[in-house]
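Have a look at this one.
As written, the chain order gives the labels A, B, C and D, with residue 1 at the start of each chain.
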Amino acid sequence: MKTSIKTFLIALVSMAMFSLKQDKPTKIIFFGDSITQAGVNPGGYITKMKEMLEKQGIKDKYQLIGAGIGGNKVYDLFLRMEDDVLSQKPDVVVIYIGVNDVWHKSSHGTGTDADKFGNFYVAIIKKLQSQGIKVICCTPAAIGERTDNSNQQDGDLNYYSNIIRGIASKFDCPLIDLRKEFIAYNLKNNTSNKESGVLTTDRVHLNDAGNQFVADLMMKAVVK
Amino acid sequence: MKTSIKTFLIALVSMAMFSLKQDKPTKIIFFGDSITQAGVNPGGYITKMKEMLEKQGIKDKYQLIGAGIGGNKVYDLFLRMEDDVLSQKPDVVVIYIGVNDVWHKSSHGTGTDADKFGNFYVAIIKKLQSQGIKVICCTPAAIGERTDNSNQQDGDLNYYSNIIRGIASKFDCPLIDLRKEFIAYNLKNNTSNKESGVLTTDRVHLNDAGNQFVADLMMKAVVK
Amino acid sequence: MKTSIKTFLIALVSMAMFSLKQDKPTKIIFFGDSITQAGVNPGGYITKMKEMLEKQGIKDKYQLIGAGIGGNKVYDLFLRMEDDVLSQKPDVVVIYIGVNDVWHKSSHGTGTDADKFGNFYVAIIKKLQSQGIKVICCTPAAIGERTDNSNQQDGDLNYYSNIIRGIASKFDCPLIDLRKEFIAYNLKNNTSNKESGVLTTDRVHLNDAGNQFVADLMMKAVVK
Amino acid sequence: MKTSIKTFLIALVSMAMFSLKQDKPTKIIFFGDSITQAGVNPGGYITKMKEMLEKQGIKDKYQLIGAGIGGNKVYDLFLRMEDDVLSQKPDVVVIYIGVNDVWHKSSHGTGTDADKFGNFYVAIIKKLQSQGIKVICCTPAAIGERTDNSNQQDGDLNYYSNIIRGIASKFDCPLIDLRKEFIAYNLKNNTSNKESGVLTTDRVHLNDAGNQFVADLMMKAVVK
């Protein structure tokens, strides 16, 4: 008798939780730089994801929030994590950072040392995970789309991507390996070795194909 | 009658607090880069301050703690503030940072943008002050000791010093203006326009005269 | 008798040369970067000099030629000296270079080392002087107009200006010390410590006042 | 009859030329940076080539001269070409430059823009070829030996190597593609993805295996 009551109560609670879940969509914050800032614009990768969710009839299950600021590097994310992410109590955070950490070395003299890039990246993950937030990592896609490894920052971008891959693995974070995917896509589609115009407008920022490509890859990782 | 008891109790508590204060020295943390890391070595500026306090017979009133790490920039301080400073519950924190934020622009491509330098500096002060900690600011002394404004980073070092001066004023922090003092000292003592060897060994790190000079300036600000 | 004939002939040749000189204006080439490239535009400093010569009624005595190319550093001048200067057989060359050698360090990672800057500068002067060409040197005026020595490149610009001053003195070249003059002008006229807008449009390139200021200084050195 | 005389004369001239050649060794100048400067040291790649020529019994047929100076970039070669190369009237010049043009971007802010790298490279070849000198080009071997395209300058080094490949082809210069050869060698021999220690001591300068590897490749191109 007692057991049946217990079973009944568990079922009741489960149903309540389920309905609760129904009511409360999964809140996903996209935490990044100018690429993510543009992601909420019409045609942006976050906007495209919303449209895809709507088409699939599951738009109420997910709340997608852009938290990208132009020029951000990993330590900028760390600085504004409390205000822009934790305060919103998300379920999932997608970290998409690294381009400026590499790029600004040569354009402004203000990139991020590789070891410090790793330290801040880990600090962000630890803090988010300590709040029960699921963290998804992305590698930085591209600074230049040439396919013969001759974009100025290719080596460095690969190195920082390796750092992220190692951290994602260590901290059990799903990885959206944009760097790998962009290289593969360009090898197939950029046969004239163009510097930009395939997935980016300007070597870095996403054109429409790029936004769609990223949206597709993100969807696979985010929507289960 | 009630009033006199209250007055008596207040006096009692005050005496207790005073004796408590007697027992517990003022804990001062020096928070910085390699210059501060070397400050705790024999002959270092923190070591010299301890010796000066001992000579003055007040060494028990102050606990001086070095928290300098080579290569640190302002955001490194922010990252390790919790572990290296707040956990020690200091009464006073002396922030001495900025050389690498400027210098690493040209030597590694990994300096700190001026606006971000300010943002992190403010974030550190706010956090420390929110814990009731007194914050003392320092301007970065020198990268090169030439007196005709021809050291490569003179302009930038002056600019970042201006940022610190503005922040110190805004947040009511005492300022130890090392930059200004070093320039004045060199104008008097570096008549042959040498690049180093006056207060530094290598344009940046302090020689014995430099450590003494900094120790003297710090003492004035720290010991009341 | 022989002597009188000789004297007569000398007088004749002198007259012929004089009339030749009358016919042939002094050819002056302005050899530099984008500042000089813009100098031949309407309102540019070379255009203004031409107008000043015309007003003074001596426009036929001077031929002013702009040979400035945007982005040029000292070694670019050396590379194109044969084609752009020597081939034109000028009487005077005004070298106005140095801004990009300093500036591109932080904006592109492609500035010029100070010692090499000096080496190329000297090589240009030697080559020009070996052809009997009079060389006039200019210091690079400004990268930023703040008056408190807080423009990022102030130190480096002063250092490279010192190099030029030393070379000009060693090789007996008249010096137009634009750096010194710009600083003095700004100390008087830029009382609000603005970064640009006094003599420059964008910290580097000359506005109308800047073009007039440079034209005036050049005139003093060039027109005797 | 006429024909037989002609044949006889040709044979005579050939013999004379051969004996002339016997007397006068082919003079080869290695024109480069610190890697070439070290090439004349015991164990250096030029020293090894001399030893190889001696073993092959043809050391009298070649005169190998090192003309490498540490820190040199392409424009430094152009500046000292007259004094260090043309004045020696060599038969062959091996140009081995490019590492510092790329590397110094991030280490000193004084690398060389890609387009200017090409311009100076072409200017050197044109001048040498105009004097009847045979020019052999080399691509810059390595800044870091990791095999997964994650050395910081990999992209840029590949880009500058592409420039050299294009120029060598256009000006009919034999190419020693050190970059390609080093990558292939490391893919085979550097299975642990080490940053240095395979062909270099410090990512850039040649260890003994590196000097031997370069000597072997140079021999194939130089000794016919």
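Everything that follows uses one rule, which is that contacts are C-beta pairs under 8 Å (C-beta built on N, C-alpha and C of every residue); 3 or more make two chains touch, one makes a residue touch a chain.
Which chain is which protein? Per UniProt: A, B, C, D = Lipolytic protein G-D-S-L family.
Predicted model, so just to flag it, every value in this text is computed and none were measured.
Although subunit A and subunit D share one sequence, what matters here is the overlap of their interface residues, and that overlap exceeds half of the numbers used. With centres computed as the average of Cα coordinates, no chain lies farther from subunit C than A. The distance from the centre of subunit B to the centre of subunit D, with each centre set as the mean of the Cα atoms, comes to 53 Å.
The centroid of the Cα atoms in subunit A and the matching centroid in subunit D are 46 Å apart. Look at where the CA atoms of subunit B average out and do the same for subunit C: the two points lie 46 Å apart. Note on chain placement: the centre of subunit C and the centre of subunit D lie 39 Å apart, centres being C-alpha means. In subunit C, the residues touching two or more other chains are 105-106, 108-109. Contacts from subunit D toward subunit B in the complex involve residues 105-109. Considering their complex, residues 75-76, 78-79, 104-106, 108-113, 116, 119-120, 123 of subunit D touch subunit C. Considering their complex, residues 105-106, 109, 144, 148-159, 162 of subunit D touch subunit A.
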